[in-house]
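Letters A, B, C and D mark the chains as written, and numbering starts fresh at 1 in each.
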Amino acid sequence: MEHYLIIIVSAAFINNFVLSRFLGLCPFIGVSKRLDSALGMGMAVIFVLTFASVITYMIHRFLLLPYHLEFLKTISFILVIATLVQFVEMVIHKTAPTLYESLGIYLPLITTNCAVLGAALLNINENYNLLESALNGFGAGVGFTVALILMASIREKLELARVPRSFKGAPITFIIAGILSLIFLCFKGIIAE
Amino acid sequence: MWYSGLKIKTFRTGGVHPHEYKGLTEECSIINFPVPQKVIIPLSQHIGKTAKALVKKGDMVSEYQLIGQKDGKISANVHSSIPGKVVDVVMACILNYQVLSVVIQLEGEFKTGNLKKDEWEPLKKEEILKRIESAGIVGMGGAGFPTDFKLSPPPDKKIDTLLVNGVECEPYLTSDYRLMMEKTDEIVEGIKIVKKVLGVRTVFLGIELNKKKAIKKFKDRLTSESNIHVVPLKVKYPQGGEKQLIKAILKRQVPSGGLPFDVGVIVSNIATVYAVREAVLFQKPLTERVVTVAGTIVEKCGNYKIRVGTTVSEVIKEVGIHGPIGKVIMGGPMMGINVSTVEAPVMKGTSGILFFSEKEARSIDYSFYKPCIHCSKCLEACPVNLNPSMLSILGEMEKWEDMKGYHLQDCIECGCCSFVCPSRRPIVGWVKAGKALSA
Amino acid sequence: MYRLSVSPHIHSKASVSRIMWTFIVALMPAMAASIWFFGPRALYLEIISVATAVITELLTGLLLKKRITLSDGSAVITGLLVAFNMPVSVPYYVPIVGSFFGIAIVKQLFGGLGYNIFNPALAARVFVMFAWLPEMTTWNAPLTTSGFSKLAGFNFSIDTITTATPLAIAKMKGMAGLLTEFGSKMGMYKDLFLGKCPGCIGETSALALLLGAGLLLLTKIIRWPIPLSYLATVVLICLLSGNDPIFHLLSGGLILGAFFMATDYVTSPMTPKGMILFGVGCGLVTMVLRLKGGLPEGVSFSILFMNALAPLIDRYFKNPVLGVKT
Amino acid sequence: MKIQELSKGLFKENPILVLMLGLCPTLAVSTKAIYGIGMGAAVIFVLTCSNVIISLIKDFIPDKIRIPSYIVVIATFVTIVDYVMKAYTPELHKSLGIFIPLIVVNCIILGRAEAFAAKKNVLDSFFDGIGMGLGFTLALTLIAVIREILGAGTITLKLLGYGWIVEIPHLNPMIVMILPPGAFITIGLILGFSNILKKR
């Protein structure tokens, strides 16, 4: 049990996907302007990351490995993720229109979010089993969402600050990310053992 | 202590304690101000529609003559304060905005003499209200809400309490205090008249503890009156604000965007109550009021009974000023408006005229404000529990629309936030701009 | 024509420089203690750090064409706090880089005084901590004689014996290790309270820090909610986890952090509720890091972490506006 | 004409400093100069090849499956690079880790395919690929050099036993610079300063 908890906490905080693994930076910079859109994006990413982790694990375990097709890993994963995102979009659209309205615009953006493919590849590299993969994906999504929400709340406050013109937008966002990353660095020690 | 039997009350949220400066004029009895040579009488000295001008250039008018006719339900009559000749009916700059005003040059004689005194007890409620209306009485605490309108609340609002506002929480001002000291009986009579109009059983008279003599005087006077109670209040600005006073005395909360009658209360100022008595007993229109004239550079500080329309220049001539004037403030120093010209007239709501020296004026210069350091002193000081810091930052960035999200409309502009702000930010200025621009 | 301005026309005596300079005065006892226990080198570090902070503020101000706000003293505070958060043996470039990072990047790039999201001194401390971990975690025992006597002779030497901070001892060897180090429990409390123990130069003397904190509380420059909830949370967690609360209160940078850094206006929430939550969060993270973390100390990290959460707290914990139904 | 396609990627439309594309690998692998060059080489290869192929086949692809087809093309070349590097430079491959396969979702590649190769002829696309790739490599290596000097006190230009490792004397490196915070702060400052230069 503790082992699984550590996987989640580790993926979410200790090795935060955005702040210490540098995955998913584009949406992190792009969608962190407003808190409500950050929330929507975060939820969508958690959803997709968890599912994608499970499905890519199964493809790798039951399709690629038995037939020695590992060289198709990259290409098959990216196609599966793209299909999954499409599928999820369709399903949500049909079953939960209100959820679709809040998540809808973020879903297409997720295909090119390298956090999703990154998590899938990491699961393979770390030799995680199915449950571990799912938890790792979920934890990664939570970590992404936490970082995104923190950044969005800070940037909303910074809207009203006199940031030098050349540093407005991406530059100051990266500097904030740097300081957040400093903070997350000190969590590293907690589950180091 | 002598008032130990009474419970001392105050409001809980926010508030500040500015230095009082009341010693300058506290012991100055009310003096009649000499008749001015010229008056400028604005036709809008109240909230609501400007009165319709009844005179034109060249007309002769007598004292107490109606020169502005009440226009619509929320409006008030305006009368001439001196006999004379109408020199002009123009848009004049009053308190830094343009208002249609009647300019009268003193001419002819005062014919009115002693007014006949009526008994008020036999008068019907409607008759009393009619007399208040025709005398053009408005709230004299500053806001200028037409009193006849205020005293006839909608029938679905059940009014159970009248609060008489003797707080006078603004520094420097003592005009209400002098009125309370010198016209105690008249004020009590006025209270009874208002009480009859409203048909309420209970009346509370709120007076702050820095006016102990007035509290004692009213307490002694009211021993025989079982339904009129004096309530001593802890000194705290802005206790004279309607909502704060209701909270302090009755612990009732006026809802956002509501008026006192929403919680069954009517609040009336001491000076207004006094004017109501004069209007009802003598059918005398509101053409003069007690004004505190004070400031370190004023030679003859005091409380003057000044005719409405008397200009600042006449006041300066009479009281004498030594040294250059930096600022002229109509009203108290916390909420008063400073005027740019000596042509600004005394109005029905002018409770004080303050003269600041150049040095005093320069010490509060909002053009050199600093960034907000988020010290949250303003949050602590705000009597409405707003976030003035956010309002000021949004105002500074000219995001007027966003200010609404921070309850801009609930701000009473009391100035507590700016008063305590270490960065000396003109928060009230931004709020006023926000209210004007986000509507 | 008379001067025109908006109301109010009178003002309390409060001003930014008054607040900041009082704050600096409140830091003076701790500064004296740092020299007393660690010798003139502590003073030297403080001077270097403050000078760097002030010069950086001046230069960046000129570069960014800002109104120069040196007189408000906030740069001096940042410089002092950066130095306070370092061991006495650090090379001189550490406070220089730290102060520069704090002022130029964490403060001025965010818009200067009043706009920074993170406490510049804390961010600087964490930055140099990860930049030069060995230098930042080498501790010297306090001097056995008063450091003031060395001051006159410009004697910058420091005790060469390196040792471990009380928190590190507690982490490695537990209470038994602390007792052998200090002799007795009362002796330990006394030494920790006075500041006679290895640690960052400005954080060791609880006595000196509390004197300054008293001044700040009396002048109402800082308010109770944050320090109180911070310290109370630490005590509560200590009691629940079977640790010595007095030891944890007095050791490390807790007093310095709770009264002088967590209370930083700009980087903490503005409403009483938010402040309490902020303090509780600081206490929680501090104790998690102290008891479970890889490094023995957690005060700077925890406050910096809560700085990042402050905008979120401010957003969700607003004062209820009177008369508005929620 | 061709020179323009080549040079615009270096400065005026530098993918990292100006277009802000491909930031994830930039931050992740910029800890040593050689990693920057290696990553850059991989990107140049994939970008150029996919640009050429896409501009060749653009007329045969139905519009509806445009993006998926591009992704398949890109992923093919990424797999080739992945395996080639694994075979010949295993050390470098291990250091760059998942960021080699992640080139697939690097926005530069899909971005150029969509914005350039799908509209222009083969030769232009080829030079565009090379130019953009070089610009990416240049910026990435610049950041890597800065971080390595400050964070490790060295400049590593050594691969498979060839090349040098330059050591900067008298410098006590700031380890934080080769840790994630250093990456974020460096790129933040570089983007800011490049904005200042742009406005000049």
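Here is the rule we go by: contacts are C-beta pairs under 8 Å (C-beta built on N, C-alpha and C of every residue); 3 or more make two chains touch, one makes a residue touch a chain.
Quick caveat: nothing in here was measured; it's all calculated off a predicted structure.
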Chains contacting each of subunit B and subunit D, listed by label: A, C
Most distant chain from subunit B by Cα centroid: D
Inter-centroid spacing, subunit B versus subunit A (mean Cα positions, whole Å): 61
Between subunit C and subunit B, distance of the C-alpha-averaged centres to the nearest whole Å: 49
Subunit C-subunit D separation of Cα centroids, rounded to whole Å: 42
Cα-centroid distance, subunit A relative to subunit C, in whole angstrom: 35
Multi-chain contact residues (two or more partners), subunit A: 162, 164, 167, 172, 175, 179, 182, 185
Where subunit B touches two or more other chains, by residue: 371
Set of subunit C residues in contact with two or more other chains: 105, 109, 111-112, 115, 127, 130
Every chain pair in contact, whichever chains are involved: A-B, A-C, A-D, B-C, C-D
Partner subunit B, residues of subunit C touching it in the complex: 1-12, 14-16, 18-19, 69, 72, 111-115, 223, 265-266, 268, 270-271, 318-325
Contact footprint of subunit C on subunit A as seen in their complex: 35, 149-150, 153-154, 156-158, 161-164, 167, 172, 175-176, 179-180, 182-183, 185-190, 192
Subunit C residues within the subunit A interface of the complex: 64, 66, 105-106, 109-112, 115, 117-118, 123, 126-127, 130, 288-289, 292-295, 298, 301, 304-305, 308-309, 311-312, 314-315
Complex contact set, residues of subunit B against subunit C: 13, 16, 18-19, 96, 171, 243, 247, 253-258, 325-329, 333-341, 354, 356, 361-367, 370-377, 379, 383-387, 389, 407, 410, 413, 415, 418-424, 426, 428-429, 432
Subunit B - residues contacting subunit A, complex: 371, 393-394, 397, 399
